[in-house]
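What follows is chain A paired twice: with chain B in the first complex and chain C in the second.
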Partner chain A sequence: MAESTTFDRICDIIRENGGAGDVELTLDTKLADAGLDSLSTVEAVIACEDEFGIEIETEQNPATVGEFVELVESLMEK
Partner chain B sequence: MERRVVITGMGAVTPVGLTAQETWESLVAGRPGIGLITRFDTADFKVKVAAEVKGFDGKDYEGIDVRHQDLSCQYALVASDEAWKDSGLEDDAELDRDRVGVYVGTGIGGLGSYTVNVDTMRQRGPRRVSPFMIPMMIANMPAGEISIRHHLTGPTLPVVTACATSAHAVGEAFRAIKHGYADVILAGGTEAAILPEAVAGFTNCKALTLNPDPATACRPFDANRDGFVMGEGACVLVLEEYEHAVARGAHIVCEVAGYGNTADAYHITSPDPDARGITRAIADAVSESGMKPEEGLYINAHGTSTKLNDSTETAGFKLALGEEAARSAHISSTKSMTGHMLGATGAVEVMASALALEHGIVPPTIGYAEPDPACDLDYTPGEAIEAELAWALTTNLGFGGHNAALALKAYKGE
Partner chain C sequence: MPFRIVGTGSALPERVVTNDELSTFLDTSDEWIRTRTGIRERRVVSEESLTDLACAASRRALEAAGVAAEDLDLIVCSTTTPDYIMPGQACAVAASIGAECAAFDLSAACAGFVFALDVAEGWFARGRARHVLVVAAEEMSRLVDWSDRATCVLFGDGAAACVLEAADDGLLAMDLSTSPDMHALAAPGIAGSSPFKQGERPASILSMEGQRVFKFGVTTICSAVKLLCAEAGVELGDIDHFVFHQANERILSAAVARLKLDDAKVARTLETCGNISSVCIPLTLDNLVRTGALEEGDLVAIVGFGAGLDTGACLLRWS
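Up next is the complex of A and B:
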């Protein structure tokens, strides 16, 4: 359940930052395919920091929605 | 290699219209775009009026990203779309896009995007500054975005010369085509600086009128003028090599025939009172055009409605053209309606002049009531007039001492 909640919240953030459009988001969806370029991904990462109360190193730009979820969850466990 | 250059497309977003056509109709009708500032609360401000673009929402246009494009960039993209479509080049499968350039500048750039991020930085620290802050604020981004949008891969040159920006952009585009570096260039400028910070800054420069009455705030060449009114918007023109335009059966509005670019080297905000810089710019444009000053001339003046600009410019017209030719010219300041669109103003005034030549109509200077002995030429007060026009001059002067003059020739089918 925890995973799906994080997933849903991250999908919302991706949509709020101009991603997704008509694409259905799954754990395997590449952020680039969801319409997020490198700058928009940084924007979504910053929004996640606020949403989850964590700090994410910008070098760790995730490539897929699944990687994004893993990254956020690993930081939340710390 | 010297080639002729013509205008074959126009697009505009202005305080008097959201298209080139709507803008022209307002200018001919003498419809003012100046009103009380609505973008922010002016309670603490001495300046109360501006010429705001009305009814514009980037979301109404396809492909505009309102979150990631500064308003100045949105205006430029919308104007460039209109100009591109108007030129007919949009549908030209033969077009060599390596030969199509973009010379679109801005006086101030994405100031609104910058100030939002300054607030964020102060309140929430550097980590929260948007990754889009730099691309949204830098002054070359409208040119970059236009080239990306229409896949135009020729030369780009985002000019930044304050209020002379888009006149210089058109002039440099004219030269690049004339001398063979491109066949087509989208040239113009954009501005979206009706923001508290910019209004405060211009107010303290003593540049803006403190007159709170929209009907009399901007009165170029009038004895009681006392400062300019900030405007905003964008204008993009399609400049094209003459044979290229003829070969594809394009609609030719007029010819661009001469250009002058000089510096005052005098003061950062005041024009040289002896008008030496603007006089040389006008003389260079006239000389390159080969036109006779006394024959059928319309001058779209910079005419900002500041004390110094309008008298300096008047002196410049007399010095460059000769007293008699200056007296016989039809002059007007369309800023009396559009306000001062800063980086966009030069291109809007080239557009107004081009349409004046095409239709034989001189748009008026509105708000003009009391003559000033230092401004004693024919400023077409109050109402548009019909006139036999052979050519036109536009003049623009910018902070930094930048001067621009452009000469346009009426196009009569050859």
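Up next is the complex of A and C:
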């Protein structure tokens, strides 16, 4: 399942960039609640660009895990 | 005809401002600033002037090069915060060190030093210069809003200079670019007092979209380094030193991770000096020289980036 794979990989990236901790990540989890501040959100975006081979515009910074997954998948389709 | 750097020098203000001192008048802390920026302290102009610093750095570079001021054919000063709008900061340096060559300022924000190297290269290529002094001097403390904890903690003041000499080799690649953006990082010009101007002009205070600048920094460092390698026909692993603009430790770390660089090859001055705009690169070069880190034949990749959004990158073979 492509969606769950993308979700899992993005959750790994969020954790690697200082997010989550004990919080269980779901599609509705806000990145701020997962512990990502504005700086670490950009770091996670940059890590996603490398992980998925895409380019993400800064204006598109996601606010939730679900938005993050949607954003990455929409760019991967291009 | 390219050039080589034959002398470096720098000068910082006496006054040290630590994160703890900033915490006495801003809602911030040493821990907050260090973990988000890598900066522990910065130097800030108090009793000295920017001209004092620019002249001291220039004299040190000339002394290191063994070049007399009267032998200079050009002085270019990279600055966004000169003591005078006119004459240029470069003219103040010329007057102080006793040079009578052409002297002018160049404004390309944090990338300014590399843009100035490119101007110098043109003078060498046209056979108009044997020796050029490139000096960067920035007093960021007069541009920042000292009540804005998001920006004022990032910057510092200082000056650094390089003396260039015409050479057959030394410069392997040079690339300047601008990705036009008037909002990501900006400081309006002087307001003046014209009775004819309609409406109010904004104050000359620096503003920054942190996320945009952060992303641009990482992206442009990585693409510029790859471009330099392709232009010069060298492998990334062949480069001995990386001298990047010192905006934020986390920008440097992200670029190191993306390019899979040996972190020890990436020079830093950020922790004790903060972001001194176009001074960062020549200051870091001067530190490398003075600590004996640069050896004959070393490849040095330089990337400056900042407001504009400008990027200036070059690859030098040290000699």
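One rule holds for everything that comes next: the second predicted complex is superposed on the first by the 78 of 78 C-alpha atoms of A that agree within 3 Å, B and C clash if a C-alpha of one lies under 4 Å from a C-alpha of the other, contacts with A are read in each partner's own complex, and residues count from 1 in each chain.
Quick note on the criterion: a contact is a pair of C-beta atoms (placed from the backbone, for glycine too) under 8 Å apart; a residue touches a chain by one contact, two chains touch by 3 or more.
Note that this is a predicted model, so its numbers are computed, not measured.
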Of chain B and chain C, the chain that contacts the larger number of chain A residues: C
Touched partner set for A:Glu43, first chain B, second chain C, both or neither: both
Which superposed partner A:Asn61 touches (first chain B, second chain C, both, neither): second
Touching partner for A:Ala32 - first (chain B), second (chain C), both, neither: neither
First (chain B), second (chain C), both or neither touched by A:Leu75: neither
Shared chain A surface residues [contacts with chain B and with chain C]: 39, 42-43, 46
Chain C-facing residues of chain A, complex: 37-39, 41-43, 45-46, 50, 58-59, 61
Interface residues, chain A side, partner chain B - complex: 18, 39-40, 42-43, 46, 49, 55
Residues of chain B that touch chain A when the two form their complex: 65, 67-68, 127-128, 130-132, 135
Residues on chain C engaged by chain A in the complex (per definition of touch): 36, 210-212, 214-216, 218-219, 250, 254, 258
